[in-house]
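To keep things clear, I will list the structure first and then write my remarks on it.
Chain lettering (A, B and C) follows the sequence in which the chains are written, and residue indices restart at 1 in each chain.
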Amino acid sequence: MTITNDPQTSNAGVAPAVDLVNVVIDGVEMAVPKGTLVIRAAEQIGIEIPRFCDHPLLEPVAACRACLIEIDGVPKPQPACAQAVSDGMVIKTQHSSEVARVAQEGVMEFLLANHPLDCPICDKGGECPLQNQAMSVGRPESRFEGEKRTFPKPININAQILLDRERCVSCARCTRFADQIAGDPSLELLERGAKQQVGTADDQPFDSYFSGNTIQICPVGALTSASYRFRARPFDLVSVPTTCEHCASGCSLRTDYRRGVVTRRLAWDDPEVNEEWNCDKGRFAFAYQSNGRVELPLVRENGELRPASWPEAMSVAAAGLEAAGSSTGVLVGGRATVEDAYAYSKFARTVLNTDNIDFRARALSLEESQFLAAEVAGRTLHTTYRNIEQAPAALLIAFEPEDESPIVFLRLRKAAEAGTKVHTLSPVYSLGSEKLAANWISVKAGTEAQALSNLDAAVRDSLSQPGAVVVVGERAASVPGLLSSVSRLAESTGAKIAWIPRRAGERGALEMGAIAGLLPGGRPISDSDARAQIATVWNVDADSLPHAGLSGAELISAISRGSIKAVVTAGVQPSDMPQGAELIEALNTADFVVALDNHHSDITERAHVVFPVAVVTEKAGTFMDWEGRSKPFAAAFRDALTLSDAGVLAMLASAMDSSLSGDTNTLRKEIASIPTWNGGRADIPTTNAESVDAGPTLATWRLLLDSGLMQEDEPHLAATARPSVVLISENDHVALGTPAFIAVSGPSGSITLPAEVGMVADGSVWLPMNSPGSHIYTQLGAGMGEAVTVAATTGGAA
Amino acid sequence: MKLTPVITEFWDDPSLYTLDGYRSHGGYQALAKALKDTPDNIIATVKDSGLRGRGGAGFPTGLKWSFVPQNDGKPHYLVVNADESEPGACKDIPIMMANPHALVEGVIITSFAIRANHAFIYIRGEVPEAIRKVAYAVKQAREAGLIGTNILGSGFDLEVTVHAGAGAYICGEETALLDSLEGYRGQPRLKPPFPAVAGLYASPTVINNVETIANIPYIVDRGVDWFRQFGTEKSPGFKVFAVSGHVKRPGIYEAPLGITMRELLDYAGGMRDGSEVKFWIPGGSSVPMLTPEHLDLPLTYEAMAEAGTMLGTGTPMVFDQTVSVVKAVTRWLEFYKHESCGKCTPCREGTYWITGVLEKFEHGHGTETEMDTLTTLCGQIAGRSFCALGDAAATPYPGAMKYFSDEFKAATHTSADEQFDPVKSYVFSGARV
Amino acid sequence: MTIEISRGITEATRNEMRELAARYPNPRSALLPMLHVVQSAQDEVTTEGIAACAEILEITQAEVTAVATFYTMYKFSPVGKHHIGVCINTMCGLLGGDAVYEKVAERLGATHNGPSADGNFWLERIECQAACTHAPVMTVDWEFMDDVTPESAVGVIDALAAGEEVWSTRGPKIRDFQATEHTLGMASDELATEGNSVDAKMLAGLMVAKGSNNS
C-alpha cells in the first residue's frame, strides 16, 4: 500500500469541461477559464499584482484598491481582485501600464499615510505584505506631514489575539473570515471613515475556534497572538512543514522554531484538506511538546521508578515481556504516527506473538471493530473532503464536527453555504449545527440506533441522492446497534460513509492493523491469503502469525483477571476510557507493564519500565487523516536524540532476539511494499439496538478546547474554551424548577455545573466529556447514552 | 424661460399633503389610468418621455426600469432614495413635506410598472417632518384602498414601507442604501450584479430618486408630448430647482430644464444688495464650481457636462464675493471626510489627508508644494475609489483651482478669515456687505 | 415637555421592535429603526439595547454594534432632553451657522457631539440638512429651525430650558429627543396634521409664477 498520495485519486470523477477565454496580460497571451479573476490569471503567469483585501478563499470586496490595473477600452483603472476576465480582454498591470503603476502607487501612499512606523517592533516586520508591497510598488518617500491617526494600544479581541488598531488597513480579511469561513460574525468593522476599526461588541470577545487564522491572514501587524507577540523576528525562525497531531482533520502546518524551541505554528496550504485554515488548538497548543516530558528511561525498583540507562531498561523490559510469553497485549493509544502504529502492529504479531492490540483509547465496541473492518479499513480516500463539499446532503451521526474535527466542520459549512443539506442526528442542536443550518433529527441520547432505523422519508430521500454522505463519529461506538444501522442505511440509500475519529493516529493505526483481527491494509487476520501476504512482507512464516485476539475492552478485562500478564502501552490515558478505573486497577496487579510515553501519566506511574519517546517535532512520520490521506512530515528538530516509538520498539525487539526496523524511511518502504488488499472483508455488523432507561440519559462529547493533555500550559488558548455547563432542554429545566445549577450523577459520583437551557432532546442531559469540572468517566462513571440522574442544586462546583 | 410649477403647482394649498387636498387637484387620476394599462406600456411611456433620474446621475429612468427581468418568478422591489444629504441639495425633502402624495402615487404606478409588490421609501433620519408627512400620505392612501390588495379592483397588490435612515450620506449611493435598508453598515456593494438584477434581498430592484418618482404621475396623466414640450431633446421635462446662497429670495423654483442660471437668479430676486456672483455650483458639492461667465448656460445635463461640471441634483448654490473659496472647499472636504464610509483606501485615507492639508491653507499655513500635493492626491482618489463618493470628494479642490488658484496661493501666508471677513458672508443682521 | 426620560428597555419596547422586524421580508432590515426605538427608550444606545436587537434579530451583538457605530444619529451616552444640531456645512456655516454654533455652544457649555453642562442638551455640528434655502439651519430634536441667527438660536435654547412651548419653523411643536427617535423608529406619529411644513421659501417660485409675489 502507498502512503504517499496521487493527488488525482481524490478527484473522483472526471473534471468538468471548462469554457476558456483568451486574454492578454502585459503582452502575454493566455487562455483561462471564463470568470477567472484578473488577479488569479496574472498569478498563473507569475505576475504579482499588489493586494491586501484580496484572499483567494474569501469573496472579493475590492476595498483596498491596491490591485488597480488598466484594461484596454475601460476608462478607469479596475480592481484586479474583483474583475473577471472576458474573452479578448487586454490587461495591463503595473509592469506595462503607467496608469496602473501610478494608481497602485497612489493607493500605497494612502495606506502608509496613517500607518505607524513601528516595523522594528512589529511582529509582522520581515514577513509583512504592507512592508513588502510598499517596497515594490510604493513611493520612496511619504509626502504625508499630518498627524497620524492613533488609538490606545492594543486591545484584546479575545484572550489570545491582540489588535493594534493604528496598524490596520481596513482590508476586512479578518472580519470576512469570521463571517464567511468560520461562521462566527462576532468580529466586525466598527465606526466608519477614518475611524473605522475592527472590534467586537462590548465585553464580548471574538468567540471562534478558528480565530487564529485572522492573525495569519492579516496583511499587516494589526492582529498578533498573545503567545507569540514580541517573541521572535520572522527572519530568525526556521520553518518546517508539518502535519497537525491534534486530530484526524489532517491539517498541513508550518512549524516555526528558534534555538530548539517552537515559537509558533501556522496553517499551511493543502487545498484538498485544510485549504489554508486550521483551528486554534492546532495553532496554539504546542507547549506540551517541551513541558513535563519523560526524559530518561525509568525502571521500577523496590516499588519506585528510577532513571536507568537505555541498555538496562531494555533488558528489564525484554525479560519482563519474555516472561509473559504470548500472554501479552498492546494498547497503542490514538496518537501514533502511521510508522509507529505499523511498528506496534508488527511488534505485537511478530515479537510478542499476539493479536491482542487496540489503538482505541476511548469508548469502543466489538461492533465497531466489525464496522471498521467491513466499511473503513483498507479503503483509503474512499470518502474525502471533496466528497463532503460536493455532497447534495450529509447526515451527521454521533458527530459534532466543530468540536471533533474542525476542518471537516469548515468544509461542511462551505458545502452548506453552497447548498448541501446537512442533517444531524443528535440529542443536542449545537452551536455548530446552527452554523451549518442543519436539520435537527432530535433523539434521546442512547436511542440513536432506533432513530436511524426510523428516519423519515424526506431525510432518507435526501440521502439517496447520488453523492450523499453519512458522516459518523467515533462516539457511535458507544451506542449498541448504531454502527450496524449506519451500515444498513448506507447500503439502502447508496450514501457514502465517512468515519471520522477524533485523534490524529486512529485512521493510520487502523490501516496498519493496530487493532485485533486486522492485519495491515484491512486484511482480516482470519483470512489465509491475507496472512500469507503479510507474512511475506514481514518475512515470517504465516503459521507463526497469531490468530484473532482481544480488542481493547476485552484486553483490559483479561488483564484484570490475570489472564493477560504483561502489557505494552503507548500514550494511553485511562481517564479517556470508560474502563479507565478498571485499567488502573488492572495495571496495579499486572505482572509487567511497559509504557512508551512522552509525558507522565497514571500508566507511567504504574509501569515497570518507562521509555521516553519523541513528540512530533522530534521525529519524522506520517499522520493519516480521516479520509485515509497520508500526510508525511519531517522532523522539525533534525538533531533531536529522542527515539520514536518505532525506534524504541526496534531496540526492544532486538533485546528480545527478534528484529524490527525503527527507521522511518525503512518503515515507509516496507509499508509501501504491502499490496492493496482485494480479498474478503468482514461482514457488516448486525448488532441489535438496545432499549434505554426511561430516565435521563447522558449526551456528551469532547469540546475542541478542553482538559486534553496536549493543550496544557497554554493559558491564552484555554481562556477561549467554551465554559463547562450542563445543557438541558427547557422542559426538563422547568421540571427541575429552573435551577441555576444542576447535579448530574452516575455510578461513580456526580458533576455539578451551571445549568444552561439549550436545544436538547427532552430526557437527555449534556455534559462536556473532558472539560474543567466535567470528566465524565472519572467523575460520573457513565458514558454517552447511559442512564444518569439529574437534580437541581443550589450551586457551587462539584 | 418661464417657471413651470408642476410638482409644486399647488403647494400653496395647505391641505395638499392630505389625500383630499391632493385629490382636489386631480391627484390619483394617473394611478387609475395606469392600472387600466399594462406595465409594459407604462415603462414604454416613461422611456419615451426621456425622463432622467433627478438624483444626480441623470440616468434614463425608463431604461433603468426595463433592466428588471420580467416573469423571473422572483419578488421585485421599488426603493425610493429619499436620503437627500448632498451639500446644496434641498429639493426632495421639500417635495416630501409639501406634496407627499405625488411621491406615493408615483411609487404605486412605478411598482405596478416594474411588477413590484413591495416598495420602500428610505428617508434620511434627520428629517422627521418629511418622514411623518410621507408616512401620513401612505397611511391615507392605504385607508383609501390605493395601497394594499387589489388596488382599485385591478388585482394589483402593493405594500409600501417608510423607513428612516440614521445619519450617513453614503446611503444616498444606491447600493449602500440597499445594504443599509437590509440592516447593515451602509457601504457600497460591488457591481455587478446590478440592483436591477440582484438588489434588495438579492432580488430585482429599481432605485429611484424622490423627484424622479414624483414626476411619474404627471407623465402618465398628461402624456409624453406634454412632458417633452419642456426642456431639451437630451434633457426633457421640468426640474424642481432649489436656489440657495446669497440671493435675495432663496427657495424652490420649478422650471423647464434648459433655463439658465441667470434666469433663475432673476426669479430669485437677484443677488442680495451690493453683492455679485463669485462662484456657483449647479447641483451639489460633488459637481465642480462655475463662475459668472457660465450664468447664461442652459441648465441641462449636456450643457453642464460641456462646461466641465454636471447638473447633479439641480440645486444651485450661489456665493458672492464675500466668500472664501479656500474655506468653502475645506468645509466640503471636512464633510466628505466625516461621511466617508471607510470601505476603500483612497476615500478613507484621502479625505483624511486632504482635509488636514486644506485646514492648513484655511489658517494661512499652506505651501505651494502642498497645492501640487493636493492636486495629485485628488487624482489618486478620482476614478480609483470604490464608489462615486470618493470621486465627489476629489471634485471641489480641482474645481476651485481652475478659477481661484490665487486664493490658495494667498492662503500660504494669509488665513481665509483674514482674506475674507467671515461676518460679511452672514445673511442675518450684523452682516456688513 | 410631556415625556419623562426613561432608560429601560421594557417589554413594550421589545414589542415595538418585534413589530418592526415583522414589517420587512427579512427582519434584519428593521435594525436601523429598532436602534431608533432603543434611543427612544433609553435616550442613547446602550449595551442592553444592542443586546435586545441582537436577540430579536438572532444576530450577534458585534453585528449590531458594527451597524450602530456606523450611523451618526446613534449616540452612546445620554443625549438629555433635547438634541441641538447646528449645520456647519459650507452653505449654512458660511452664511452664519458658524456664528450660531459658537453662541449655542457657549450658551450650553457644550462641545461638538457632547452634552451640555447641565446634561439636558446635546450639541452637534451637523452636516447638510437638505435645507440650504433656509440657511443657516438649526435643528431641535431634528425638527427644523430655519433661518436662525445667533440670537434667535439662543432664544430657542432659553425657551426650551425654561420649559416653554417651542414650535418648529416647518413642523410640529417640539417634544423631546426621545419622542423624535420614536417617530423615526416607528416611521410615523400622530403629528402630521399639526405643523405647517410649507413656508414662503418653498413657495418662492410658485408665487413668482403666479405673479403674486414681488417682495
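Some points to look at:
Simple rule for what comes next: a residue touches a chain if its C-beta (ideal position, glycine included) is under 8 Å from a C-beta of that chain, and two chains touch if they have at least 3 such contacts.
Only a predicted model underlies this, so the values are computations on that prediction, with no experimental measurement involved.
Overall, the chain located most centrally, as judged by its C-alpha mean against the mean of all protein C-alpha atoms, is A. Chain pairs A-B and A-C differ in how many C-beta pairs are in contact, and the one with more is A-B. Put simply, the C-alpha centre of chain B and that of chain C have 22 angstrom between them.
With each centre defined as the average position of its C-alpha atoms, the distance from chain A to chain B rounds to 56 Å.
Put simply, the C-alpha centre of chain A and that of chain C have 53 angstrom between them. For chain A, the set of residues that touch two or more other chains comprises 189, 191-192.
Contact of a single residue of chain C with at least two other chains is seen at positions 66, 70. Residue positions 168, 185, 338-339, 341 of chain B each touch two or more of the other chains.
Partner chain C is touched in their complex by these residues of chain B: 2-5, 8-9, 11-12, 14, 16-18, 75, 84-90, 92-94, 97-98, 118, 124-133, 135-136, 139, 161-169, 180-186, 201, 241-246, 249-255, 267-268, 285, 315, 317, 319, 323-324, 327-328, 331-332, 335, 338-339, 341, 422-423, 425-431. Chain C meets chain B in the complex at residues 23-26, 28-33, 35-36, 57, 66-67, 70-74, 85, 88-91, 93-96, 98-99, 126-136, 139, 141-144, 147, 149-150, 168, 170-172, 180, 183-185, 187-189, 191-193, 195-198, 200-210, 215. Remark: chain A residues 60-66, 68, 75-77, 82, 103, 106-107, 109-111, 113-114, 143-144, 146-147, 149, 169-170, 189, 191-196 touch chain B in the complex. Within the complex, the chain B residues that touch chain A are 168, 185, 190, 337-346, 348-353, 356-357, 373, 376, 379-380, 383-386. Residues of chain A touching chain C in their complex: 185-192, 199-204, 206.
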